[in-house]
Every structure is written in C-alpha cells, then in structure tokens.
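Here is the structure we will look at, set down as structure tokens.
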Amino acid sequence: MKYIDEYRSQELVRSLTERLHAKISRPVRIMEVCGTHTIAIFRHGLRRMLPEQIELISGPGCPVCVTPSGVIDAFIDLAGRKDILITTFGDMIRVPGTTGSLAQARAAGADVHIVYSPMDALELARHNPHKLVVFLAVGFETTTPTIGATVLEAARRNMDNFCIFPAAKVIPPPLRALMEDPKLQVDGLLCPGHVSVILGSRAYGFLVEEFGLACAVAGFEPTDILLAITSLVNQVQSGHPTVDNCYGRAVAPEGNRKAREIVDQVFKPVDSDWRGLGPIPASGLGLREEYGAFDITRRLEIPIVNSGEPPGCRCGEILKGICQPPDCPLFGRACSPASPIGPCMVSTEGTCAAWHRYGTLD
Amino acid sequence: MCLAIPMRVVEIKGGTDSLLDPQIAIVDADGIRKEVRLDLVDRMPETGDYLIIHAGFAIHCLDAEEARTNLELMREMAEGLDQLPDKDKP
Amino acid sequence: MNTQIVLDHGSGGLASQELIGSLFLRYLTNPHLHQLEDAAVLDGQAGRLAFSTDSYVVDPIFFPGGNIGELAVNGTINDLAMRGAKPLCLSLGLIIEEGLAMDTLEEIVRSIARACDYAGVPVVTGDTKVVPRGKADKIFINTSGIGVIRDGVEVSATQAVKDDVIILSGTLADHGITILTSREGLQVDGNLQSDTRPLHFLVQNILDQAAHAVHTMRDPTRGGLGTTLSEIAKTTGLCMEIEEKAIPVQGEVRAACELMGLDPLYLANEGKCVVFAAPEKAELILETMRATPEGRESAIIGRVTDVHPGRVVLTTISGGARLVEPLTGEPLPRIC
Amino acid sequence: MNTQIVLDHGSGGLASQELIGSLFLRYLTNPHLHQLEDAAVLDGQAGRLAFSTDSYVVDPIFFPGGNIGELAVNGTINDLAMRGAKPLCLSLGLIIEEGLAMDTLEEIVRSIARACDYAGVPVVTGDTKVVPRGKADKIFINTSGIGVIRDGVEVSATQAVKDDVIILSGTLADHGITILTSREGLQVDGNLQSDTRPLHFLVQNILDQAAHAVHTMRDPTRGGLGTTLSEIAKTTGLCMEIEEKAIPVQGEVRAACELMGLDPLYLANEGKCVVFAAPEKAELILETMRATPEGRESAIIGRVTDVHPGRVVLTTISGGARLVEPLTGEPLPRIC
Amino acid sequence: MKYIDEYRSQELVRSLTERLHAKISRPVRIMEVCGTHTIAIFRHGLRRMLPEQIELISGPGCPVCVTPSGVIDAFIDLAGRKDILITTFGDMIRVPGTTGSLAQARAAGADVHIVYSPMDALELARHNPHKLVVFLAVGFETTTPTIGATVLEAARRNMDNFCIFPAAKVIPPPLRALMEDPKLQVDGLLCPGHVSVILGSRAYGFLVEEFGLACAVAGFEPTDILLAITSLVNQVQSGHPTVDNCYGRAVAPEGNRKAREIVDQVFKPVDSDWRGLGPIPASGLGLREEYGAFDITRRLEIPIVNSGEPPGCRCGEILKGICQPPDCPLFGRACSPASPIGPCMVSTEGTCAAWHRYGTLD
Amino acid sequence: MCLAIPMRVVEIKGGTDSLLDPQIAIVDADGIRKEVRLDLVDRMPETGDYLIIHAGFAIHCLDAEEARTNLELMREMAEGLDQLPDKDKP
C-alpha cells in the first residue's frame, strides 16, 4: 500500500535501528500514550530491535481502557432497556464492566450493533424509527470530530431518535497529570500521531516548557516510530527537549482547525474520570446545551455508579506506566484475552492484551 | 482509538446540497474503494490527493507532492541522522 | 409451484416430496440420492475412512466469489482432503427459513451441483428442514463427507516434526475479508473475492509425488493461519517459525485489513491449505502445488524448529519478530 | 466461564477451543474426537456402508420424554438401522443462537453423550457454529452417521413384495403429538411423551433371526406412517392393506388427536419402525421384536397385496375402508 | 375414548348397516351440510357400507370453503400491514385467495399465528401491546358463540389492541336458498350436529313444513351418522318427513339458549356472500354498534373486492350439491391438496379435499 | 367448523371474579386434560359430567346418566329398528 509499505521497508528500518544503536549512550524511558502505537510496536516486532537502554512504557492511550467500569456498566444498563438500539465501535464490544460486556448483553437480547463510523449509527436511526439509537461516544481527539460532525448532521436532519452517550476524553490534561506524578519517571513522550493530526504538534509545547519532556510526534509505521524514538533519544542525550514533528505528512503544527471547531461547536470540556488515573478536571467532553437533545444522559435517568476496579487487577498502575503487564500476578494466568479481568486485557489496543497477544520472545 | 490510513482520492462527488447530497470523496488504496465524508478536512481535496481516513471521515488532506516529500525526508534521515552526537565521541 | 419456501416444504409430506423432486433430484442427479432412502448404501470400500462434518451459516449467503452452497461442498471436501483422504461422497442437510425465495434456493442448489460435479464428489443423502420466519437466517447448510485414505498416508497435526518445511498454497484472508466487507455497514468496493475451492486434487497430486513426506495438512478456515499454526505448535510442542514477507496476501485484501484494523493471519480462508513437509521433498511438493491451478501461488512460509517450544514466531516485514497467538474471539472491525 | 453462548464461541479461536474442551470433550469422550482434526479417521471397514444425515430443529428443544440432543443421536442411528446397517459412528454439527444458556447447552450435550453411550455409537467428528441472536432458534443439530451392512442384508423400499407382512414396532404418533401440545397456546396436560429411542438393537435382533426375510424397514418420522406407507406403495406399485384396529395408539395420544382434529397416521414417530417381512418368518420376527424392549408393543398391522396397486388401504375400526394418501403439508390443529 | 369409541363399534355399525340394507327400497338423495360430517363419512369409510340406493352429496358446510376469495384476499391484505398480528384457526391458513394464502403471507413476513381458541388471540393481544391483534372470525353457529364470548371478554378488559374481522355465517338461510333451487333434488338432510347443539333441533322445522324435507340431526361418529341416515330413509320411504334428533346426547330441541344470547348480544344479522351460492340476505354476522371498536373493518379501510372464482373451478356447484368433485375436470390433475385451485380442495373439510385424501376404492 | 368432543369434568375452578378469575372446568379424556371456558354452557357442570368441547369452550353439558342413556338407546335402535317398513313387505 502506497505510503504504508514504504514506511515498513526492512532496509529503512535496519538503517534507522543501526543509527539508533550507534547513537544511544544512556538509558531512555519513553512513554507511548497511544494504544495504536502500543499495537504497532508489538505487531512489527520493534521491541527486540531497540537498544536495551530504551525502555518503552505504555500510558493511558486506549480510550476503551480508560473508560471507568461504572460507565461501561451504564452502557450495558442502557443496552438492556426496551426500544434502545446501541451502536458502538467494535473495540468496545467485549470490554467487561462489573457484571458483563456489551457482547454478553447482546447475547442476552440487547440490540447492540457494531458500526465503523458514527455516521452509520445515524443511518441505523433512520432505518429504525421505533428505536432510540444511541451511539457510545468513546474516543480521543482523533475520533471526537467524527462524532461532532455526526451530531451536527443529526441536528440538521432534525432526528429525534438519535442520541450519543458522551464519554469522550481529551489527551493533554492526563498528560499533565501524569507528568505531575513523581512516581512516573519518563524522559520522552511518543506523541500520538492521529490525535496530533487534529491537535497539531504545538499542543505538546507545555510538556517541554513545564516539564522539560522530550516530545516527538510519531506516525504508526515502524520507520515512523523508530524515527521518533531516535529523535527522543537525540533530544534527551543532547539535553534539548522540544516537540519534534516526525509525522509531517499528516500533522501540521496547528493541527486541523476545522475539526477542532466542529468539536468546540458541539462539545464543551467537563471533568472526567479516568480508569487508573482517577478524576481529571476538564479532561472529558460533554454535549453543549444546544445539542442536549442528543444527549442520552439528559433524556433518560442513567445512574453511573463508581464501581472500582476488578480485585487484583493492576490496570490502573499499568495505565500510569508505573508497572508493566508481567508485573501483574494475574497476567497470563487468571487474566487472558479469552477471559479478561481488566480492560487492558480486553481491548485489542490494551497494553496487557498486546503483551499477551504478541508476547515477548525472550 | 486512532487507527487511520492514507487513501488516494479518485473522485469527489456530491455537494449540491449539504444535507441531502453532501460532498464526499471516493478514496482508493490498492483497489479498495470507500466513500468518506469530508466534513472535517481543512482543505477540500482534489483527485490524486491523499486523505487520512478515520471512522469513515477524512481527517487530513495532503497532496501527492507532500506525501512523496515526507517519504524522501524519511529516507534521508535514515541515511544521515548526523545531527545525533555519536556515543563514542560525545 | 410456490415462489417461496413455506413451512409445508419441511413437513415430510407432498410439499416436501415436490421440492425434492423438482429441485434436489433435478440438479443433484445420482443413483444414490434418487433412491430417497433413509440412508445411502455405498459399495464396499477398501482402506481407512475419513469422516468430517461442517455447518455453514455464512452471512451474506451470496458473496463475491461464491455462495453458501459451493462453500459447503468445498469446505467438507477440504476437511477430508486435509487428512489425506480422497473424498467419496457428501451428505447435505439444509435448514431453510420460511420465506426464502425459491429462485434463491434453486441458485444455491445449482451451485452445489456444480461444485459437486467439478469435484467429482456426489451428494448421496440429504435432509431438508424448514423453520418459521425469524427462526433462522435464510439458509444454513450442513455437509458431512466420507473419504478413503490410501495406504501409506498418515497425515495429522501430531505428525509434524522439526525441520519440516511449511508451505502455504496461496494468498491469505480472501474469504474472511470478503465476508466482513460484504456485510451491511462495512461496504467497501474492490475486487475482493472469496477463495472457496476444493483442495482434494491438489492434495492427491502432492500425495502422488511424495505421500510419505507429507506430515500435516490443514485448511486455515475460521481462526485463520495464525490459529491453525498455534494449534499445531501446541499439539506438537514444536516451534513454527514463519516469515511475514513470504506469506502471500493480495493488495486489496491487505488494504481492506489496514482500513478495518484486522490482521490477515486471523481471517478465514476457504481454499487454502498449509502443508508440513519433510525438507528433502519440500521443493518437489512446492513445484507440484504450483503446477496445480489451486496452488499456483504456493509459497514456503516457514520452518518447524524447536527454538520456542509450542509457539509460533513471525519475522515481520520490517525485520522484527513477534509471537503469533491463537485468535481469541470473532475478528471485528475496529477503529483503535 | 461465560454463562451463555456468545458469538466468540463460534469464532474458531480460543473461545471456541475452550467450549470444545470444557464441554464437548468432557462429555463425548473418545479418541477420535479428542484429536480435534479436520476429519476423523476410521480403521478399515469391511462390507457395504450406509450413510445418512438429518438436521433437528425441534421446537421446543426440551419436551416430555426427551430433548433435541438425544433426538438427533437416535434419529440418525435409526435411519442407518432402517437400511439394515449397524451404526458405527456419528458426526455432530451444532448451530447455536447467541445467548443460549451454557447450562442448557451442557444439558443437551450431556444427553447426547448418554444417548451415544446407550447406543454404543460415538460422535467422532463435530462442528459448532454460533449465529447472532434472532438468526436461529436456540439450537439446531445435524447428525450424520456411518453404518456397516452385513452380507446378505438387502433392505430397501423397493424390496417389499406381495404377501409381505407389515409389522409396526409400537404405538403411533407419540412424538408428533407431544411436540404439538408442548407448543405455546396448545397446552394440554397429560402423560404425553416422545418415543425417541434408538432402533438398531431391535433391527440387529431381527436380522440375527431372519436377515433374508426382511425386505423393507422404515421409521415413520415426519409425515407419519401414512406417508411412509404411501411412499412404499408408490415405489413398489403394490397395495398396502392395513387395519386401523391393529395399529397401537396410546389412549392419551388418541384423545389429544381427537381434540385437535389430527390423524395419528400423519404424526411423527421417533422410535418406531415398520418392517416388511416374508410371511413365513413374520411370526418369528414379531416375537423377536416383542422380546426387545423397544419393540414390546409390536403388532402386525397389515399385508402387502396387489388389490389397489400403488395405494394404501385402511380398514377402519368401524369396518369401513378408505384410502390413505400421503400427508400434504404440516399437520395443524384445526377446529373444523 | 369414552363416548367416542362406543359409537365406532364395529358390531353396532354392522348391525345398523344390515338393517339399512334390509329396509331400503328406493333411491334416497341425502345432503350432509357439515364439513365435519363429510370428513367423518370418508374417514370411517362409510360410503362403501351404504346401500347403493343412497346418494350422499355435500352441501356448503365448511366455513372456510364458503368464504369468498375476496374476503380471503382482504385477510391477506390486512396481514401484510404494519403492526398487525393476525390470529386464525389452523383451518384457514392454507386457503388460497386470488394471489396467495395466509401461509404464504406469513412466509413473506406477515405476523400470522394459529390459535386453537379465540381466547388465545386475546392472550396474544395482551402479550403484544404494540401490535393490533386481529382474529379472523370465520365460523358457523358452533363457533360464533366462542367468538362472541371472546369479544365480551375483550370489552370487559377494555382491550384496545384486539379486533375481529367479522366473517361468520349462519346456516338456516343457505339451507332455505338451497331448497328453493329447483336444480337441487334432495330427499333428506343430515343436519349438522354441533351447529344444532346451539340452534336446537327445532330450528329445522321450516324445512319439513315448507319443503317436505326429511331431517335428521346427526352426531359425528359412524353409528351417529348411520342412525341418522336410517332415520332419513325411514322418513322418506314412509312419506312422513320430520326433524328426528339422532344426537340426543348433545342436542336439545331448544338448543343452547345461553350461547345464542351471547351471539345476539354481540352480533347482528347482515347480508353475506357465499362462495358458490352468492349473496344471501341475513346469512352473515356483523358486530353490533356497541362492539364496533372490536371490528377491524370499522377501524381500518379494508376494501373487499369481489374477485370471482378461480377459472375452471367448480366449487360453486359442488357446494350446492349439483356436482361431485370427480365431475370437475381439474380434480386430481391440476387441482390437488398439494396445489389446490379451489377452496374445496384446500380446506381439510373441503369436499374435494376429502374425496382426494380418502379417495374412493372403486 | 364443528369439531367437538365430549370430555369428562374432573374439576371446576375459579369463579371468584368474572374478569380475573372466571369459572373454568378442567376436563379429561383418556388422561388428556385441558382447561375450558364455561361462558357458553346453559347449565353449570359438576364433576363427573361430560362437556362437549369446541375451540376451548364447553358448548354443551350432559350428565353421565344422559350420556349412558343415549348410548343404550343407540344399541337398542341398532338391534330393533322395526319401525322401518321392510322393503320386501311394503
């Protein structure tokens, strides 16, 4: 595939890794904050190619993983109600709340549809006039504009049987929260490539200025990631942290203004609870008053109970980068993709799932 | 939540009515074609441009020139990352 | 005649008999089936028998490259072939949802007949049930099959040994991606086609050349190649080392997979097999496979070692390496 | 473990394997099934083979006297037995609706295992599919089976000849009336029970006594005895003369039939067979059948003649006579 | 079965038929006007036992058969509408209108349920509040009281999603119409046993008085029928026609007053079209104004098109007793139970179906 | 449309409320039991009586004595239908 294959080239990868091995002179702790990065690193087998001095740790970068189980319980509660049709990205379908998953709710009779685009949910609403179609609006900056545009379209079409369940989050506040945590010692940040398409690379400036953190915006192909890691190593070793945009073909310094405007038009910042990180001010997105008609939590009484984490599960620490999956005593034993205990195991993008699926060869 | 891939624009359709006939692009990757919404792109694409596709929407538009440049840049960097201080000679 | 299937067609009475006469016997002509007995009687068979069953519930029932009917014929033929058997005959069990258009059923039966003719494997016994609307999804098909295994052939997952060469008979994931993208809401255009086809000719050609050198054969259907190799690794306690760049995947298939976040290693194939062969005969077998139409794109994709016992290790296209674990649940399109 | 079946259980991945391990292999223990290969391999069999298939879509899946699981085992065993074959092994294909309670599935599998054990016929190969909720009705089961026919046995609908004695192995319509009255809205109370049971022991006993004297055997399932005899009459061009008062029907069954306007001749049986035997051995066969538990109520119900070629003639209980035509469509309760 | 088996006794039957053979001295044409009689005569093989001089002809005695195809088309039209759930006796499900049957409509997606009692339809209405449940009210005197009682119950329960499609008929008017037809030469009438349970045996008095017709009320077992036939032969040969109640265990001279009152409370006589016989005044039952809410034909616009008979079908003449099924050139060829052309072939009770199913042995 | 059979009353139930708990009979024939509505019967049945059942309703009630009498009448008639003039001696 054009502009994918070229970035997977073995020669390019070899030459980048050789350079990296040649240049690195000290241990560097790098956090990737995007689940898609976590997956890409495992899928392409990059870990083994990196110099031993580089430690990669995964942050709270999978929107499925950071959604509190109380919210997932609320999704499931809603799914079980009469005349409700739930639409969701496939990623969410197996995530366990405290009592079960949407997949189990569906098996038990709930009307749950997987969609590829929020716009498909709108189509479903058009074809199911007797149902109230609810889209589970989970996502980060990459995804929220698509949801915003869908809400605007629903408003233009005066649809009265379409709602979203607002549960989207934004990335900068938890990054700040993480950096403020003294337990987390990170040298560099692999900035999430597609979040940055919307936010722009400038959005990470505060991390450099306030925390002296090395930042590199990375795409998702092996060379993209290696290039960004190389940049981070370079920044760290040279002592000149900056925001290096290593994904220039997709990310502009100012990001995608139009997409952000659509998000601002439809959503407003709200405080939000992150699994593992706890409540973070202004880290979530609620619907603005003008679009309240599309907010299922305003149309129906949906109690969200703070249900805590599954006993024994260390997802919280993993999402903070404080420990790695093999540090969890349940990993690979009681907890596996076939019978996941925590969200990090069940989400395809989850850190524990990635470690389990792609394993380590050593 | 950020799976997105570049696909080449082969056709721009619609646009007569923002509600009933919104502007959409038909994009291609190795023979796979898909209709995508253009609500979110900063710049209207032309045939031959590349769009980054996420959840049925284009979230970024780059022309073929930009795409190529980026790749060459990558190649150059792989060859001569000489701004990196060599660890033997700090 | 009715233009659609009604419950009476499953009653066992005249309406059933009419359906059998006007449709099944018309297309699936052979003396065994014509007897309409409780069971077909096959003349004395020498040798060991292989016996296999599969139900087909594919949605949609018509898809680019095939339909549920030929899929059901080829699928069971392939399972027999994977044990080194020459398929002898099939049974055909249909479960039909009331309201299915008679034309649709006819097209499926016609395609079953064509697949049987092509493969030279007749349907010798059958059964048709009709269930009320909403109690099934258009049509489900079960085929079971009997095959005969020639002397000297001993093919099973337990037979794979260290140093075996792993040969794949063609491109991966064609069927799985075609079905996923044919479903409502996930439409993409493109030349995606199921690879449904029978593999017994290919297998017989291989066995003709080097029966003793073939240790294991598997058709990586549901669960895909990744799961199939994991199972063999687990069964044998050996390590399967495979090369991503050696695994043929069509461009369209790969693009659709990238778009939906799917891994071709875990998508279903319906006309491919993976062959574990002794290294000294590997080239001969590869050539034989390539000389058979359904194996034209065969490729050596890896080797059996003892490096990581019980595991499958993939060398990635970028030169990295990773484990390949079995599929957990249904592959779903994702945006993460 | 899940308390209900989800789609992932049909994915071919880990969830499928877990289901196979925790349920199927636990109950259906035998070396063939344990191999989990694409096909079971059976050692060389001498003699002719019988091959049969049937799908089971019974609603409700649990009914007085049995459930869909044992029905599926017995049904295919019986079809093999009707050709005079000794059943050797079965395949098992499950199509499960997402949401089926795991306990329910376990109960069905346990009952399959019990039926297999009792019959001495193992499930050697299997397949499980899961379909989305609303795309099937809880569970459908296909079983196919292979049997071996001993030398000298030649049983088929074409073999019946003039003067053959028609023997029925027991009471009529038990299964059909039980299912109909178990359905929503038609409840009647009473000791109605399905007659599901395997008939191969009975058949082997008969063949041991008088293999050459047995010309035709049929289990009158869907369509009932009326349709079965009509088919044989049509096939042979002979006349089947039967006596209403000789046909055993349980009191409850007859009462329920009268209530709903149904004729026991057209209701399904799942543990009865009709045997056409040469007159000189008829008494011996009848005695043999009566000496076998599943044939205790066997009775001679008629004779083959050439009076009305191709027709079935019933002498009624009141002394009248009428034709018995094949069933047209599904038997329905009526008030006319 | 008690009080069934005894009446099927071979000895009793033999002794009755012997008497009949001994007594009969002239040809006697007897019409049975109830489909259940037609079936019983065939099912028990009685025809062959009767003296040759007795000719049995079937009248318009199956409510399914006499329902015009335009009405059946209306049932099917209704079944195809959104949010309608049709309930019907099993007898009606395969009857073809001009374009198809309810069975085919169901296969094509209509919600059609077979019930054993009209009360079951009411239960379905209770369990399907979002559907309008319609019971196809076809029947004669035996059945209409059960429908009347169900409508009363629906009224008591204030149900607003239950209706009937009134299409029931009464027997005396067509009997008069038949007797007035000079083409039909009948000596005696086998009066319908269960219709008479409600009407009472006195209801046939007018046939004796006005037409000199011999009448015998008959049950449905072989001896019942033979006894009644014997009575008819006796009446005819003695020249003293009367109404002889040969079904005394079920039929009182005055019938079942309570059942008739319920019918009168709910229904009123309306003109009605009979297949084969054409329109007959006051031969049908419509719902009274007070129960108009339960009349689907008042709630919805349901056009009933007079669609005529299938070409070539002689049901009309058969229902009038003018010809017998084998006189129809389509009988057993183009028209059979598996692919019926006229209603007489499709109804289990239909005359053509009975002839086809039980055939004749001669 | 007149299929109806006699069944023996084994129990009378309900009757506390004509709407919520109407009077119904449990009837039996050879071990088959069914609940039937009594809305239509002229006379309330007692246990041991016979009811003629049609479409879930009792449409006629006769006591065991009546039922038996009828049968005997039938037998007598079969034996001696002598009111019929013999055809040989008109």
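Order as written gives the chain letters A, B, C, D, E and F; numbering starts at 1 within each chain.
Basically, a residue touches a chain if its C-beta (ideal position, glycine included) is under 8 Å from a C-beta of that chain, and two chains touch if they have at least 3 such contacts.
Predicted model only: the values in this text are computed from it and were never measured.
Engineer: Quick one: which pair of chains has the most contacts?
Structural biologist: Max contact pairs: C-D.
Engineer: How many angstrom lie between the centres of chain A and chain D, each centre taken as the mean Cα position?
Structural biologist: 56
Engineer: Per the centroid of Cα atoms for each chain, what is the distance between chain B and chain E, given in Å?
Structural biologist: 75
Engineer: What whole-number Å value describes the gap between the mean CA coordinates of chain B and chain F?
Structural biologist: That gives a centre separation of 84 Å.
Engineer: Roughly how far is chain C from chain F, going centre to centre by Cα mean, in whole Å?
Structural biologist: Spacing between the chain centres: roughly 63 Å.
Engineer: Would you pick out the residues of chain A that each touch at least 2 other chains?
Structural biologist: Residues 1, 4, 35-36, 62-64, 89, 91, 94, 103, 116, 120, 143, 223, 337-338, 349.
Engineer: List, in ascending order, every residue of chain F touching at least 2 other chains.
Structural biologist: Residue numbers touching two or more other chains: 1-3, 5, 29-30, 54-55.
Engineer: Can you pull out the residues of chain C that are in contact with at least two other chains?
Structural biologist: 6-8, 14-15, 251, 254-255, 258, 261, 328-329, 334-336
Engineer: What chain pairs are in touch here?
Structural biologist: In this structure, the chains touch in these pairs: A-B, A-C, A-D, B-C, C-D, C-E, D-E, D-F, E-F.
Engineer: Okay, in this complex, where on chain D does chain F touch?
Structural biologist: It is residues 187-192, 251-252, 254-256, 258-259, 261, 334-336 of chain D that touch chain F.
Engineer: Where on chain E does chain F make contact in their complex?
Structural biologist: 1-4, 6-7, 12, 15-16, 19, 22-25, 34-36, 62-64, 89, 91, 116-120, 138-140, 142-143, 145-146, 149, 152-153, 156-157, 192-195, 197-198, 220, 223, 227, 230, 233-234, 237-238, 248-251, 256-259, 262, 349
Engineer: Can you check the complex and tell me which residues of chain C touch chain A?
Structural biologist: Listed in rising order, the residues are 185-186, 245, 251, 254-255, 258, 260-261, 263, 308, 311, 313-323, 325, 328-329, 332-336.
Engineer: Which positions of chain F touch chain D when the two form their complex?
Structural biologist: 1-3, 5, 7, 29-34, 53-55
Engineer: What part of chain E is in contact with chain C in the complex they form?
Structural biologist: Contact set of chain E toward chain C: 94, 103-104, 106-109, 336-339.
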